[in-house]
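Chain lettering (A, B, C and D) follows the sequence in which the chains are written, and residue indices restart at 1 in each chain.
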Amino acid sequence: MSGYAYYPGCSLLGTGKSYDESVRAVFEALGVPLQELENWNCCGATAYSSIDECTAFALAARNLALAHRRGDPILAPCPNCYLVLTKTQRYLEQYPEIRQRIVQTLERLGLNLGHDVPIRHPLQVLSETPGLEAIRQKIQKPLKGLRVAPYYGCLLARPYPIVEDPWNTTILEDFIRVTGAEVVPYAYRTRCCGGALTGVVREAGLRMVYILLREALRQGAQAVVTTCPLCQFNLEAFQDQALRKNGIQERIPVLYFTQLLGLALGLPPKKLGLHRHLIPFQPQRKALQEAVA
Amino acid sequence: MSAYEPKIVGIFCNWCAYTAADLAGISRMKYAPNVRIIRVMCSGRFDPQMVFWAFKHGADGVLIAGCHPGDCHYQEGNYKALRRYKLLQKLLDQLGIERERVRLEWISASEGEKVKQVIDEMTETLRRLGPLKIQEAPGEEAAAAPAAGGGHHG
Amino acid sequence: MKGNGEVPRIGVYVCDCGTNIAGKVRVAEVVEFARDLPGVVVAREYKYMCSDPGQDLIKRDIQEYNLNRIVVASCSPLLHEHTFRKATAEGGLNPYLVHHVNIREDVSWVHEDSDEATRKAKAIVHGAVLRVAWQKPLEPQSVPVRDSALVVGGGIAGISAALTLAEAGKQVYLVEREPTIGGHMAKFDKTFPTLDCAACILTPKMTAVKDHPNITLITYAEVEEVDGYVGNFKVKVRKKPRYVHEDRCVGCLECIEACVFKEPRFPNEFDLGLSKRKPVYIPFPQAVPPVVTIDPDTCLYLRFGKCKKTCVEACGDRNAIDFDMKPETLELEVGTIILATGFKTFDPTRTPKYGYGRFPEVYTSLEIERLVNSSGPTGGEVVMRNGQKPKRVGIIHCVGSRDKNTNPWCSKVCCMYSLKLAHLIHERSGAEVYNFYIDMRTPGKGYEEFYNRLAKEGVHLIRGRVAEVTDAPLHPEEEGKLIIRVEDTNIGVVRRIPVDMVVLAVGLEPQPDADEVRRLFNISCSTEGWFLERHPKLAPVETFTDGVFVAGACQGPKDIPETVAQAQAAAANALALMDKGSVEMEPNVARVNEELCSGCHICIGLCPYGAISFNEEKKVAEVNEVLCKGCGTCTAACPSGALSQNLFSDHEVFSEIMGVLL
Amino acid sequence: MEIQRTIKYEAELDRQFAYEIAQSPGAETLFECIQCGACSAACPVSIYMDLTPRRVIAMTREGFKHEVLSSLTIWLCSSCYACTVECPVGIKVTDVMYALKQRAIKEGYGPRKVLTRLLAQSFFQAVKEDGRATERKVMLRLYRRAGLDHLIRMAPLGLKLWRTGRLSAFGTERIKNPAEVRTLLECLEEQEGGKSP
């Protein structure tokens, strides 16, 4: 056991770089050990399933086998990876024929699939160890007065929710409150951000981004907090186009929950990758500090 | 897949398991034809002797099915069956007969699906195990019926 | 030569059941096979053995071939064993000399391969032929049936059953859990499709129950224990204290007026919390019995022991209020039991997407029943929780029905009641009403006509299952509204429809304690939890326990006409039993062969009914046949083979085992 | 006024198609569909679809293979699983969409320049080469295939991302031995009888 088998996934190496940075920083600050799963490969994502289901399962299965060999639970911050790995695990239990083929193929690579490598999301992990109460004790710079829209995105809520009752869960909201920020009611907290559509079917993607942002603004949120690199990317990178198209001048920063948490824990913004964001969070904070002062 | 097909005797209680088998029929579920169901009023009527008798006459397995615990039409006959079943399993071990050849299941009147599932599963298990290998005691006649006066109990 | 020394002359009858059996099993081949079995004198195939000509075949052959044993291979014995026993008896043989085996439910319906099915049918017939040779003539015992009945549940089902029985002169005990009878129907304003007022048709029945000399009404009470068997049930009923003597209370309601709580403060359960009541209350003005109840959870005196007890003062000389009242257990002896325990409505918090509990203006259909009821909390005005009248209302069908995520079954009544509510809401408020349905199910007399009428009245009928009710607007018209998102599947377009009020047409579910109740009465439930009838078509109100019948929605979703019909059918079944005065018990009791009994006592402890005792004189076990229920547990356990269960003796069962191993 | 005949003759339908799709994992209950439209209503993209998801299911079930595989719907699905959790009969609609996409690609259906499809293919290739999907590489490949105008349109955003270090300009993420992943995939493809697009 060398802590969680950290599985950043491809996005966290690119557009989601700051998610990677903030996850590592927060886990370190909270003393939860994690170590990258060595030599992991792409989970297959949704695109891969469009080509061939079975090879998509195989890609995910290789990672499961690597974690199985290491004997640690997988930590997957990217909901897409979380879903694909979980789904693969479930389907391979459900469809013994597919499992058979994949097990045989993995054996040729000297790998053993195993059955039940736990696949966890940082929200789950941190809410258990150290737990919200312990985190609350460590808060150094509470984000008082900040109004935040909690945005789970799709894949933590369905089809394999990280919590039992995704409709009534408040796991993300609880984290936001721990940082001292205020949660605004957000009806679209599990509505789709458009996924890959922003890049491939522009009009549909922008509309979906617009709907989410408009509601956050309508509720008076000063930031949207996400748990997903693709959601973060869509809501931030396409925000300008989506809002401009609908005549809205305001802009709203989109943060990872780990960044929000990191700030409250007193970690330096740079360590949390905040400098990588296209819509800076800083001005709001300044305004806040003024308001508080 | 070999041509071997196991023969299984089913001892089903009237109120739950047998009714469930009827339900499976009414619902036109399809399952393996290997189990011959014999209706008794209660799984409490199940007698381990039935198993040996069945084995002797060519059965590869015996499936006993009764009401779920707490649901027995006769209050607690199924518990009695369970007790006998547990003892029987030990006996099977001693005789070198695989435990899987005798199975006890709780099937409520509404569980037609379970009848199908259990029968299919058990048939598959017995197909894998192959025919029962048991040595006939020398000199024992292949009686056409149990000897009068409950001789098989002797 | 078997059992009684007779040479068996067996007749074997294999049924085609139309094509039900013959379509899979090669019946002629089975008959050929049977003909050569030991003892078989005649073997025949017939298209429908259960028909008159089929039965005549058996009767004729008994005479003609001097048969002394009969085997019928057809459907399940649970369906027709009785038929063939009757035919055998009419042919002049003892009815217990027939053995009926199942080659339909157990063979032709469940196997695909014709060869396999035929082989299995032969094996089963073989088993039956070997077994039947051992069967003995038996005489069934007859036990008396008490002339009284217990009806559990005081909704429209229980009321109807009780009145039918009482009219026929039987003593009826009607037990109801709530303080009043009336059930769900008492909550409704109008009933579909005729729109006649529910109260107008129900309350006279409720009063009739109260006034009937043959009915003992026991409200605020639950059955606690059931013992005995058909004809002779012993039932314990626990009556909760209502802190008011029913015989002294005259229903003047002055105590309510006098209660120290000047204003009603506690949610009135009967109005589903849409109105308030005091700790001393009557659920609704027409309640039966028309007496008040004191709620121990809210009454100051009962909770804290301190109160001015102004209610007692107001009651005065009548002395009806009694704070020292304790729970009471009544013991009843009845011959038959009718279960009419009803249903519960689906809890829509289980489908959070519709916002029940989150948005105040989302209601259940039952709440709307109270809201449109002229004796309800708003006097029949459609006024929302926010005090306004809705301009536009959406009724969502199939909430908690037809959905694997909640309940997979169709609740049967929701389409019709949703149309009714659409009509009433429109009539009372002038609101524009949208009904969102998956399929409009209106089979029933006058039902389709009612649907047509609603369509004519201009209700929007949108075919599509609603995905979500939200308050997040995307369009100016949606500001401040609840928005229903649905695919209008007739058009093939997704629509967002802003409304002021949402009504969830919640489905019907088994009562939460259905499983406990079924154990109490020793009956079965379907997978869904509805009480299981003995046969879905031919014995729809009987259960697997003789003398216990079911009526109404406890057996499955039903509307009022169906419920009443079923209740009266259950009453008729119970009457038939009671009027006959006695019932023949299956003679499958155990017997002791005194010569073989070693007096080991093993069987005595095993019998759950205490039917076996030890004869100290003879030093052998003895079975009391009246107490024996015929489970056979003792027979299986007897180490010396002295105990034998009729119809399931070792000879019979072991021969059958050998036979099926063909 | 131009008119068009819309009748569909039975001979033009592909009955087998429905059974083949129902074979794919998650689509087993395809034939149990009650056409309630919950999938369409839950779908955030259905407003752009030529066939609502409900119609896709109905047409698949009845063998309207050509219409289904040529529809935009399957390429608009964003895999958000809203339909899957809503379906009252347990059809995993998202998985059905995957199965249809696979079929469409395999059989060369639909306009070649549907970006969703090019994205899937670019992604597929990248993973096969490197074991990981470097976003920059996938995107470049996608927009190169899609056409210059797409590339130009995306350039400003790409530049911004590059400046903030979110789009590695040169390096390619690669696992230590991409050959291992390649072997894994090729093994399975062999079993399938060569399925790569």
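Descriptive notes on the structure:
In this text, a contact is a pair of C-beta atoms (placed from the backbone, for glycine too) under 8 Å apart; a residue touches a chain by one contact, two chains touch by 3 or more.
What you see is a predicted model; the values in this text were computed from it and never measured.
If you take chain B and chain C together, no chain is in touch with both. By number of C-beta pairs in contact, A-D leads over the other of A-C and A-D.
Per-chain CA centroids place chain A at a distance of 53 Å from chain B. Mean C-alpha position of chain A lies 23 Å from that of chain D. A straight line joining the Cα centres of chain C and chain D is 49 Å long.
Shown for chain A are the residues that touch two or more other chains, namely 211.
The residues of chain C that reach two or more other chains are 353, listed in rising order.
Applying the touch criterion to all chain pairs gives A-C, A-D, B-C, C-D.
Across the interface of their complex, chain A is touched by residues 352-353, 470-472, 474 of chain C.
The touching residues of chain D, counted against chain C in their complex, run 34-38, 40-43, 46-47, 51-52, 54-55, 82, 85-90. By the touch criterion stated above, chain D contacts chain A in their complex at residues 24-26, 44-45, 48, 75-76, 78-82, 84-85, 92, 94-95, 98-99, 101-102, 105, 114-121, 123-124, 127, 131-136, 139, 142, 154, 157, 160-161, 164-168, 173, 175-177, 180-181, 183-185, 187-189, 191-192, 195-197. Chain A contributes residues 10-11, 13-18, 39-42, 44-55, 58-59, 62, 91, 94-95, 98, 101-102, 105-106, 108-109, 154-155, 158-159, 191-192, 194-197, 199-201, 203-204, 208, 211, 237, 275-278 to its touches with chain D in the complex. Residues of chain A that touch chain C in their complex: 167-168, 187-188, 211, 214-215, 218.
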